[in-house]
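Labels run A, B, C and D following the written order; every chain starts at residue 1.
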């Protein structure tokens, strides 16, 4: 593409699929990478196909190095999937926008695309940082309309008792900006410690979503990843305990 | 609103009331949330009606979660009220702009609206951080013209003796930019510790404003909130004192 | 001015004086406020007249409170002075731009104005932070052309022996951007500790400048200010020494 | 240039050489200044000629002071060189853009220029921070296409075993954005401690590059600089060891 320039949100279409009222599902990097893990697993399992790449001068000025030594410019990607009675557009990517302005511009560029396809419903996936490890992470929700809140409660989604709080980044903006265009939607947030990637939390989020959508997928790969993370976490914990112990001994010595 | 996009300041009108020379009153979040508390209380008491919402890509990229699990995109709001001999436009909201540029753009968008209604007078409400708790907060002022300074002194408003100092954010900008458009105005700042919301300080500010405007409102709800805050503050203080005490004991042990 | 909006650099002309090749002199806030003090003193002494105000949405979103309780929006100001064989435009103000982009835009807006007046020479005034108090501050220089370096050396201006270093902000940009428009100029930097306003250093800078320009001005007011600052500095020093002493005693107690 | 204004990327051409498919080589400031040292040494040795300067309002608002007391506005520079069977454009400069947006704009402005000359290949040079001193720095690579990875391995370039990682700044962006325009390229990163300029690492990078390009240049000046840096580093190390020793003694005294 001669003279190709990247603005705050530049979309490159690899193909232009025909879609009818696809549901938008967002899973970009965030707390515990819960949304990203969930959306990527969904893409893999239902074999969704990439149809567009989104570049932005509000992404970090950076390329990523692939395993084979080749590189790719950081970007977001849009996948589509056509089921019998449902169609999906799934948004994943390497980064969210760095600035508030960039975040708004990117969310609006995504909405421009799905609005043309007739999208009426959006699910954004993310993590809900608790600061402590959670054995059985609950899925906390927030929605654009009260009838969606009610429906999600039936699927076991937790709604916060205490007032206040917010949803930061694409998971919040796509819903908030979508509402202004007449779209509905919900954010599903898996509880997670917040300081480590959390495939277990991603699994809980994805279970709620797929049940809601009537999809039947396999979670084996997410479970595998969750086991790997657990092993690493436990190894780190042992090292920290050892370090702490030796520190205390040092202090005793100084004291 | 198909294809709706948010710029640095996008105004959505819910209705277009007929107004004549309304006085603009601003109470956005700031030191001790004094201005916000005062303006929101005023809206509640005089039953002002919302007529416009202001969105901005310089607000945090965030939605807030309501008590019922639904969400709203962060925004500012404009209310109007028609009295017998006076009309008001009241500006409240979740956030101020994040950047200098955004702050200027937002203040100018507000002035564009009220200028069309013929606004000639602006009151901005805020807190004046003292760093220490104030039992009986004074109201400090600053104004666009010396005759307003003189008039406000009659209402008990304090004007600083030492030179220098400034008013940061919308409370300053609306006045400074309004002056350039031939408007007059004043900022009323209630003394406040600065590190906790202060309904008591908001009450003092609102008392001066309503006396100046010849309005008669009830302060019971602000007093209630002030009592709540007082209780919380005292509980925190006790906890801090206990913590401090135990820290000192630890130090003695180490020493 | 109905609908008046501030961009990155908005100039409001109070009058449009007829000028011929005026020399531009800049003294904006910076290290030790040396440039600002020098330029303001020059304006006072030669009774230069204000002809333009420059506003910017890259200045802090803030108004300053005057001694009488009235306010002014932060801005830069341009003054002019017509001598027998020389004319001056003097740039002073409350702030420099907050961002790199804003700094460039503001400097270019100033150059647009003086270029129309035929300006060929620019002097920028500033401080050169040494980190320690300087009894007899030297004036260090840098210039657009080698012949100006040579000429300034005759006026006692010091040029650094070690290579490297730079001039940050308007004092650098006006010269660097001016060069690209064919203008010449120099920066005069008074040595100063850097952490306190320094009228003494401003005096040294102004002495070089006025001798170079063939102006004869009185320095009494700057000397007065320098004495005041000296008194304050000495008081602070005593307090710090007392605090340090008591701290040492505390440490001894703990040790 | 009357009214000359600097945008995010403003190119000033000193001449317009006729070039045919020149290879772009980038060496801007970065980790250990490896890329900058390498590119500047290459320019000196092959006597490449400057043909363009690039200014940007995303560079620091600053002029640099030359050894003779004159100044220059911070900028990037483009040099060209015509060999028998190869032509080069070399990009060097004082700074990279400060913001993500500026970085994208600058890289795109450079690509606009070289694309017109028919550039098909880009080499970006940089450092790879290891955090510890490296006696014999390896050259690590990343490339736009797998066939370039394979070719570079033959020249002894190391490709990382562990997945992940990225290339930040112009060295990454020129390749990533170039790919979108159909260009190929590679980044050569010399291992370096990261906290000191590293001519030794620059030499390794330049050796790989010149062998790949079939150029034969002298490295004496880089070796000289490497020796100088080594002497300084060792002096600092001795000082640090002395300081550490005296600190330990103090601690013993307190303990």
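Convention: contacts are C-beta pairs under 8 Å (C-beta built on N, C-alpha and C of every residue); 3 or more make two chains touch, one makes a residue touch a chain.
Note that the coordinates shown come from a computational prediction; the quantities given were computed from them, not determined experimentally.
**Q** Applying the touch definition from the top, give me the chains sitting in contact with each of subunit A and subunit B.
**A** Of all the chains present, none is in contact with both subunit A and subunit B.
**Q** For the homomeric pair subunit A and subunit D, should the interface be classed as same or different, according to whether the shared residue numbers exceed half of all numbers used?
**A** Different, since most residue numbers here occur in only one copy.
**Q** Indicate the whole-number Å distance between the mean C-alpha point of subunit B and the mean C-alpha point of subunit D.
**A** Here the centre of subunit D sits 51 Å away from the centre of subunit B.
**Q** In angstrom, rounded to a whole number, how far apart do the mean CA points of subunit B and subunit C lie?
**A** Once rounded, the distance between the two centres reads 36 Å.
**Q** Using the touch rule from the top of the page, what residues of subunit A touch 2 or more other chains?
**A** none
**Q** What topology does the chain touch graph have (line, ring, star, complete, other)?
**A** Contact pattern: a closed ring, each chain touching exactly two others.
**Q** If you go through all the chains, which pairs of them touch?
**A** The set of touching chain pairs is A-B, A-D, B-C, C-D.
**Q** Inside the complex, what are the residues of subunit D that reach subunit A?
**A** These residues of subunit D touch subunit A: 97, 100-101, 103-105, 107-108, 112, 115, 141-146, 149, 159-160, 163-170, 172-173, 175-177, 179-182, 187, 255.
**Q** Quick check: in the complex, which residue numbers of subunit C touch subunit B?
**A** 1-6, 8, 12, 55, 57-74, 98, 254
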